[in-house]
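Scrolling down, you'll hit the structures one after another.
In what follows, chain A forms one complex with chain B and a second complex with chain C.
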Partner chain A sequence: MDNALTSSGMKKSFGRSLLYTLPMFLITFMFMTGGRPDFSRPASALAMVVTFLLVNILYFLMHYTGKTDKLRAILFIIFALSLSFTLINNMLETRNSMSFSQADILECKIPFCHLVIPMMILPAAFTNSIIFPGSIIGGFANIASMVVLWLVATLVLGRGFCSWGCFYGGWDDGFSRIRKKPAIKKISEIWKWMPFAVLIMVSLTAALSLIPTYCDWICPFKAVTEFEQVTSVESATKAVIFVSLFAGLVVVLPVLTRKRTQCSFLCPLGAINTVSNKVTPFTIKIDKKACTECFKCVEVCPLFALSTEGIKEGKVSVFCSKCGKCVDACSKNAIHFGIKGVPSGTMKNFSRNLFLFVSFLFMSVFSAGSIINSLQSLLNLIF
Partner chain B sequence: MKKVKIIAGITWAFICLILIIILFPGLNSFSASAAKLPFMKINPNYSGGEVAQQLIATGCTLDIRKPVFDGLIKKRNKGFVQLDWRGNVPDKIVDTIDYDLDNKPDFCIFVDRDQSKTVLYPINSKVRDIIISTPTSYGWAVRVELIK
Partner chain C sequence: MQKKELMTDSLILGLSSGSSCLVTCGMVMFPYLMAGSAGVKRIAIDLSLFLLTRLVIYFILATLAWYFGQALFSNQVVRNVVPGILYIVFAVMLVWYSISKNRNQECPAKIVKTVNNHRLVPIFLGIVNSLGFCPALFIILTKGATQGTLIQSYIAFLAFFIGSSIWFLPLPLAGKIRKKEVLKTIGILATGLAGIIFMIKGITNLIGGIING
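Moving on to the complex of A and B:
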């Protein structure tokens, strides 16, 4: 019966959707409240209730409407915005500035983010140490917990981490949705290999200099998190580079191309996640019997993971982040969430339900803290 | 074979489901275990290195750390020594430092905290320049550039 699904086959009845949402409802309730909701502080309680409802309504709608991408993107973009808001708010409260000082570096107080991981590997192997001025354990965004979170997420989701877990991805995902049609349509696919070149370059330069060079010189997301105080020509050059990259790859190009250009052309962690896509059990499959080769999926893919040749052969490349955009765009339900080992065109509903539960649970729990914090800060500002 | 592949795929997917469910409740203990891994320590180029000497004056402690020359494979030619003044640090600091423990002074340092002015007087030819001189949450810190 699963094999004969039509384009609306992923939709479920209201009651059935509620039933599918129930486990998410219970687990997110436990994670957000610890089993004991605290209503003593109204702003915090309201922020928690709103986040809890947002997460569970989105998950319910994924089952009820049968659509994935737009509902995922809502939480994904809110996650990116709220994390930046929380970070900036925290920095302004503690330092009166978005920039960090030399003292913050000397005291190893810089919050760790997963983008440092590619540059950590070689120095960790050779020097038995981490080349980052952060805290190993304890404190905000410590190294040990961020490494564990990323390791499990990349093992389970592969490059799905880039669409379901990365708290930066929401920025270019959001900007890529602003225009209805792309102004630039033809982009050479060769650029999708660029993150591997960046990965090799930053891994080697970081190993030789023992400085996380991507964070130090390139990372565009410093524009929405924190950056080195501009005190010299060198720090001013760095500021010009990261602001230009943010404007170009995170704002302008995604708007013009409807593609996630920062994730596709620059991110070195995306390159590692592409490799771990080989390990994850979850994938996107093409049912060649149902496919009419309209190539709408190729057109909408934000990460250049699909090609006309690939579709003809029934293959999805390792660049896929399982965002679900192609699945939603296919009117024949020929492209679908799948599990490795399970033949394409079979167990479509089961595979989607299992993948959605795993990926959405990760995103909702990972994002909940920063969304609650941001809402709480906003409520405190308003009232 | 086809059935084996299907069962293996679905089993792996369910293991991943369990991993995600236990990830967040177990994060603190997983992180604590990860923190015990041998490479989970901050490189001395960032942490400043181990404290080699501690000089205690009234209400103020000066930590002189081990000189850091760490490179990827071998020691570098250029490095630094970090000095941390903690506690009730005076507005004007004047100290003579023997960082290599040879009982001979290597440099004198003067810090005017009010004017954020730091002056280095090298005695040993291996002492080059001030890299960083900054107020910290615990007092004041200075990194002095050294050569081998």
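Moving on to the complex of A and C:
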């Protein structure tokens, strides 16, 4: 019966959707409150309740409406905004500035982010040292917890991390949704290999210089998190690069193309996550019997993971981040969440339920802290 | 320039140069290196000869660049400003190379077809390949010329050699690589990226040179 789903086949009744939401409800409750909700501080309690409701309502709606992408994107975008807000807030509180000084580097006070990981691997292997001036254990955004979180998420979700876990992805995902139709339609697919070129360059240069070169020179998200104090021509050049790349790849191009251009054309971690798609159990599958080759999925894919040739052959490329946009766009339910080893066109509902539970739970747990913190700070500011 | 920075810059250049060499010349060199029985030992010897020749040529170039650099860049203003301009010019050439559709016609190693003695082919290829004056080589020559000591010039060229040689190491396995087009694309993109990096470095050096000059 699961095989013959129609376009509305992923929808569930109200009661059934509630039942599916119950495990998420309990786990997020335990995670956010530790089993003992604290209502002594009103701002903190309100922030927690709002976050808890937001997460669970979104998950409920995923089951109730049968739609994935738009509901995922809401939490994903809020996550990106709140993380940047939390980071900036934290830096302003601890150093009164968004820029870091040489003293902050020497004292290892720089918050760690997962984009550094590709540059850490070679130096860690050859010199047994971590080339990032952050705290290994303890403190805000420490290295150990971020590496473990990324590793677990990548092994389970593959490139799904880029749509369900990355706290930067929400920026260009958000901007790519502003226009209803793309102003630029033709983009050469060659560019989707650029993250691999960036990965080669930054990994080797970082290994040789023992400096995280991507963070030092390229990362567009420095524009919305932290940056080096402008004290020389070199640091001024870096600031110009950060802002230009953010404006170009995270804001302007996503708006014009409706694609996630930073994730597709620059991010070196995205390249590693792409390769990890080979080992993850979850995938997107094409039911060739149901496919009418309308290629709507190719049109909407934000990461150039689908091509007309691939659809004809029933193949989804390793660039897929399992955002669910193509699944939602397919009126015949021919493209669907799947599990490796299970034939395409079968167990569509089961695969979707399992994937949604794992990926949404990860995003909820990962994002809850920063959403609660940002809401709390906002409430404190307002009242 | 600090040793680490010098090595990093030169390695990036080598990587960019190696990818472009492989893209332009790989198809010419491959049949010659792989010709005959193509046993692992033969391929390893040929490849080693090829790389050794390149290394020798690069050390000669490092010496010449440093020697002429001492005479050309003795003036402080020239030393501050000219390398920046040269960086920008050659970096633009490097980016142009990566976006040019005619890059396949520019391979200097095509001359190898005129060499009849198979034993000499790897050495000849090494000479032709290392003297194929591509933008990356111009940049490393500029770098070698502006170093304070001959040792620094050698370090720059050695890192350049390592970076460019990495691309040749999988050559014996080229027949077994399934996605050659993908590697080629990544190589071209890496070349363009290196061009952009050096363009930025050139602009930074130039502005810094003008301010300090």
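Here is the rule we use: the second predicted complex is superposed on the first by the 383 of 383 C-alpha atoms of A that agree within 3 Å, B and C clash if a C-alpha of one lies under 4 Å from a C-alpha of the other, contacts with A are read in each partner's own complex, and residues count from 1 in each chain.
In this text, a residue touches a chain if its C-beta (ideal position, glycine included) is under 8 Å from a C-beta of that chain, and two chains touch if they have at least 3 such contacts.
Remember, it's a predicted structure, so these values are computed and weren't measured experimentally.
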Figure out whether A:Leu210 sits in contact with chain B (first) or chain C (second), or with both, or with neither. both
Partner chain(s) touched by A:Glu234 [first = chain B, second = chain C, both, neither]: second
So, A:Ala183: does it touch chain B (first), chain C (second), both, or neither? neither
By residue count, which of the two partners contacts chain A more extensively, chain B or chain C? B
In the overlay, answer first, second, both or neither for which of chain B and chain C A:Ile27 touches. first
Please work out whether A:Leu381 is in contact with chain B alone, chain C alone, both, or neither, and reply first, second, both or neither. neither
Footprint overlap on chain A, comparing chain B with chain C: 208, 210
Listed in rising order, the residues of chain C that touch chain A in the complex are 4-5, 7-8, 11-12, 15, 159, 163, 182, 185-187, 189-190, 192-194, 197, 200, 203-204, 207-208, 211
Where on chain A does chain B make contact in their complex? 27, 31, 101-103, 105-108, 122-134, 136-137, 142-145, 147-149, 152, 155-156, 207-208, 210, 280-282, 339-343, 354-355, 357-358, 361-362, 365-366
Parts of chain A lying in touch with chain C, wherever the complex brings them together: 190-191, 193-194, 196-198, 200-201, 204-205, 208-210, 213, 217, 232-234, 237, 241
Residue ranges of chain B touching chain A (in the complex, touch as defined): 2, 5-10, 12-14, 16-17, 19-21, 23-25, 27-28, 30-32, 34-35, 38-48, 70-73, 82, 132, 134-138, 141, 143
